[in-house]
Amino acid sequence: MPTYASLALVAVAVSTLAAAPFYLSDYGVGLLIGMSGYVTLATAWALFSGPTRYVSLATVAFFGIGAYTVAVFSETLPYPLVLLLAAAIGGTVAAVVGLSTLRLAGVYFVIFTFGLAELVRQTVTWWEVNITGTLGRYIFLPFEGRHIYWQLLALLTVTMLIGWLIGRSRIGLALKAIGDDEAVAAHAGIDVTRTKLVLFVLSATIITLVGAIQAPRWTYIEPSIVFNPTVSFLTLIMALLGGPMRLWGPMVGAVPLFLLFEWLSANFPNHFSIFLGLLFILIVFVMPNGVLAKLEGIRKGAAQ
Amino acid sequence: MTLQLEVANLQKRFGGLVAVNDVNFSLQAGEIVGLLGPNGSGKTTVLNMISGALQADGGRVVFRGTELTRQKPHRIAQHGVARTFQLVRPLPTLTVAENVLVSFAFGRYRHWGREAEKLVEEKLEFVGLEGRGRERVGNLTYIDQKRMELARALASEPSLLLLDEWLAGLNPSELKTGIELVQHLQGAGITILLVEHIMEAVRALCTRCIVMNAGQIIASGPSAEVLQQKEVILAYLGDDHA
Amino acid sequence: MFEHIVNGLVLGGTYALIAMGLTMQYGIARIMNLAFGDTIIVACFGTYLLVSAFALSPLLALLILVPGAFVFSYAVFLALMQPLVARAPNREALEVDSILVTFGLLFVIQGILLVIFGGAYTSYSYLNVGVNVLGTTVSANRLLAFVMALVFGGALMFVLFRTRWGMMLRAVELAPESAPLYGIDVDRVARYAFAVGGALAASGGVVVSMYQTFTATAGVVFTMKALIVVILGGKGSLIGALIAGIVLGIVETLVAAYIDPGLTLAATYAVFLAILLFRPTGLFGSAA
Amino acid sequence: MKTKRTAVTRALWRFTSAIGVAAIAAFGVTESHAADDKTSITIGYAVSKSGPNAGGADMTVTPNYELWVNEVNEAGGIKLPDGSQLPIEVVEYDDRSSAEEVVRAVERLATQDEVDFILPPWGTGFNLAVAPLMAKFGYPHLAGAAVTDKAPEFVERWDTSFWFMGGGGDYTSALADILVQARDAGTINNKVAMISVADGFGIDLVNAARPDLEAAGMEIAYDKAFPPQTSDFATILNEAEATGADSFIAFSYPPHTFALTKQAQVANYSPPVFYLGVGAGFPVYSDISSGKMEGVMSLGGIDPNNELNAAYRAKHQEVIGRAPDYWGSVLIYASLQMLQQAIERVGLDRAAVTEELSTGTFETVLGTTKLEDNQLRDIWWTGQWQDGTFVAVAPGDRAGAGSVVLPKPGWQ
């Protein structure tokens, strides 16, 4: 059990972050939105992909589903209900997809999830064009940056809490066992398919909610905006940088990487891609298991 | 004696090859039965079908009155059938204790928390790994990994244990310890199906033997008798010459 | 109906041409190269440069760019992939690493192209005349892509099945673990396979640039198409890539003609996902 | 138990340090630079320099920003009403074709860089994404590269927004008028084949075109949307040709426009009316069509006899190294000139500049320009390639309009 002191520390940290918009500029809040958005995405991604080692590129499929749900229903339903609906749709899609794909292993799963994101995007596009006869949709919700930030912060806190609980629970142990050796896990009595499915749905639902919460910030959305594959790739690289096997890993990866991107795009707007690419290569070569593993390695090395 | 396991007309093909052909046998509660035969004779395939790792193409597996034939591995484990693997398969990112805990947490009676930790400690002590629960499995010697794997199989609290060449690769003194461990299990009322090449172990442990060759049972009966049979000796000699 | 088949064949020729390169890299060299499409785009811009600045024929550009791409890909493998191959404990780890590194490479190439050429749409015309094929008019440049796909496919097939080097390639594809037992230098074979894949990508790029508008950032479209074809055909299978490419072309054309042009890509992905689910080794892949 | 506690402590240490990094970053960037002695006018913009939108931005938006800044600074800067003259200092970001990035970049420009003015990004979607922020921070928003029928509504919602490219309905009704005239003159039949790219632009236009064409009594014989990634149009053109329509209309983006042209030439498909979307008005179109673009129609156009426009085109060629397109470029450049003149008249007070833009009359490359309800309405809706120039042909009653020549000659 965590001590009261550490619980208090978390409470202080969360409330400090929650109070941040009162003494930050809009840009500061914008940064926090971007950061908390990506930290939540990366943490949710790692909930499933970290222990099971199923590298998913479907992040943006769920992110986009969330954003689209808000765009479609924001005028007709009360906002909390829209969020619930988004979560339900994202979760349902994840369940259907999960049931059919979680037996694919390795790179096939990677490719499938990428294809899935494109399929969802194409289908939404076709539906909008041919059935509803529009493409862009407007979201006029009376939210300022800080409102979106608070929602994201709450979602992030809940996500971290879920991750922490999973790590201490039976299902966390099951996931680690599955990641190590599916056959052994199954013979030990673990329902491998159901465990993976539950986590995939959970992770996808959180990702859907991130998309739903962020969407009002853009006023106007269309498939090319919300199904931007970069979201999937950035989420992946952030989680990998920090180390997806650890609860704090994605956060440790996402925060500095996000700030670095911001700095690069401000100072080298014309060379952003080159730096980003070199950085990726560097990460793979220098810290293949993530920053946390690297730090632990260094600490161990120093101790010896 | 009560009937534990009944295997009837079991069939398995891989492509055109018939790996297991019309295999029938049954196990009584508390028995240790050896499943023998040269490499490729279909022993492990039979084991895989009982434990659910493979789907049988035909026939049935009934365990204590429950049909296991088309059940998934985790259901079979929860019904009380546990197994080890021909080559040890530890879960490398987990500690020794966690490896064993997995089976307690998801096995027959699903233990968790303090109680499970205590049970893990007991099982580790039973296999001779007391106090080593916090170690990474990668740091264990081969024999200790085998011990750990036995502990993991026992942690699902099975009434039928499938041991796939669990004694292979042990030196003579380790073998002695291993045989004693298995005998203890029998004392605890666990039925054991033992796939094994080491005749010394088979003689010491098994009341009965089933011998397979080329996917079929060629002999079965009390160990002493079966191991004398000409066919059985031939099958092994043939294997040695190959 | 018949004209759609002809159009589909010609469209599929392009897909086949670019997919054969990726299948060499992915199937044999075991590198999931996300920067594959960007190699194609580099060849597009290279051709454009040679055509517009030096008034060279795009066909001559082939003679410069294809060997260039071979050398470039060889160097990339040596510098970036070899260390990964060496340190990877298993196939999965290598796949994840190579996805990440080539994703980085993708951005580097794209960034360099953006600095040099900017983000503008680029296009020129060459061999843009109609050719009558069995009563259907198709463009000469697309026909060229189709013919090249057949020629390269045939030539590679000959090399694979009739030469010693080809035998080594196939050995590495089928059994990378045991190939070294037969005295095959797997790394060397992989280097060459990767380089040949790059050269094929460049040849695809040269032809594609004749009829398609390209931008510095369009590489990922080609990567995806090629990847789909490779998975459809079975990774490492050249004949699979060739046939799957052509099948995909025909499917897209028929969907556009008889169902809805808006669903061509959705149909592509649907076919692709279905294959992944029901026959993950592809139409012509060896069993897993 | 001991090891467990340290694990928790370590995790918390990580958490707090992560927050620390975030906080430092956030605070670090909020310190604003004091701007007591103004030595320059800062102008900020975020455009897509990478990602899928880079192609469009690089054709129509960025070159004009660069051209304008270059011209102003060569002339010594912008003259303010107090007599001082300040050069322009540019703060630019790459939005990487991401909506979230463009939103944050504008927040950054407004609240951290505190630039004097912000120029808009490329594209309808991105302009709408930044519109609420521009209004909130009180920056005039000169939405250049954005086509929308909802401009009047947006002006009400965001009173600092200005719309320079008209709406889909403007372009399609002008086209419908041309078709009706040609039909009534017996030049073309009553049938139209129409395709559109399945994204915001294509759908906006095709939705506007349908009622316009139906009202004009035209029969829409083929009406399909295609995905933006489409590169092969052989089948679509076959099907369109098979309908027997004399008018072919494509609301397309440059890659499709170019591919359609090439395929039409290959298949020798040359209907009397051949109308394409964005890209047909690019200077490069002449190369794409191998010089055979005579008679092809599209959006936009110029008056070839307008000297102001000719001078602008020459200057663009000289500074940027290539010619501007025949549609959006000149509108965006004009919006910048208006901004400049508004600043010269009322200074750097953004509210006053907004007011001046809304009510003032300006001398721009378009001639004498005045906005109606914050929208530029004096736009060429339809153009046609005639003798190597993309000549404006609608609205026909506007001074300088050329006349439509139909049927389009074959691909000679």
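Order of writing sets the labels: A, B, C and D. Residues in every chain begin at 1.
The rule we apply is simple: contacts are C-beta pairs under 8 Å (C-beta built on N, C-alpha and C of every residue); 3 or more make two chains touch, one makes a residue touch a chain.
Just so it is clear, the structure is predicted and the values come from calculations on it, not from any experiment.
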Chain whose averaged C-alpha position falls nearest the assembly-wide average
A
Between A-C and A-B, name the chain pair that shares the greater number of C-beta pairs in contact.
A-C
Report the inter-chain centroid distance for subunit A and subunit D in whole angstrom, where each centroid is the mean of the CA atoms.
33
Cα centre of subunit B to Cα centre of subunit D, whole Å, reads 72
How many angstrom lie between the CA centroids of subunit A and subunit B, rounded to a whole number?
43
Sequence positions of subunit B contacting 2 or more other chains
none
Would you please write down the residue numbers of subunit A that are in contact with two or more other chains?
122, 125-126, 129-130, 270, 272-273
Contacts with two or more other chains, residues of subunit C listed in rising order
110-111, 114, 260, 262, 265-266
Chain contact topology (line, ring, star, complete or other)
other
Throw together a list of every chain pair that touches.
A-B, A-C, A-D, C-D
Spell out the residues on subunit B that touch subunit A in their complex, using ranges where they run on.
51-53, 72-74, 77-78, 82-83, 85, 89, 91-94, 98, 101-103, 105-108, 112, 152, 155-156
Subunit C residues touching subunit D - in the complex, by the definition given at the top
3-4, 7, 10-11, 110-111, 114, 118-121, 123-125, 128-130, 137-140, 211-213, 215-217, 221, 252-253, 256-257, 260-262, 264-266
The residues of subunit C that touch subunit A in their complex are 32, 80, 83-84, 87, 91-92, 95-97, 99-101, 103-112, 114-115, 220, 224, 227-228, 231, 260, 262-263, 265-266, 269-270, 272-273, 276-277, 280
Touching subunit D in the complex: which residues of subunit A?
2-3, 6, 9-10, 13, 16-17, 20, 24-35, 37, 122, 125-126, 128-130, 133-136, 138, 140, 145, 214, 217-226, 228, 230, 247-248, 251-252, 255-256, 259, 262, 265-266, 269-270, 272-273, 292
Quick one: in the complex, what on subunit D touches subunit A?
5, 8-9, 11-12, 14-16, 18-19, 21-23, 25-27, 29-30, 49-52, 92-94, 96-101, 103-105, 107-108, 110-112, 124-125, 128-129, 131-133, 137, 157, 198-200, 202-204, 207, 225, 227-228
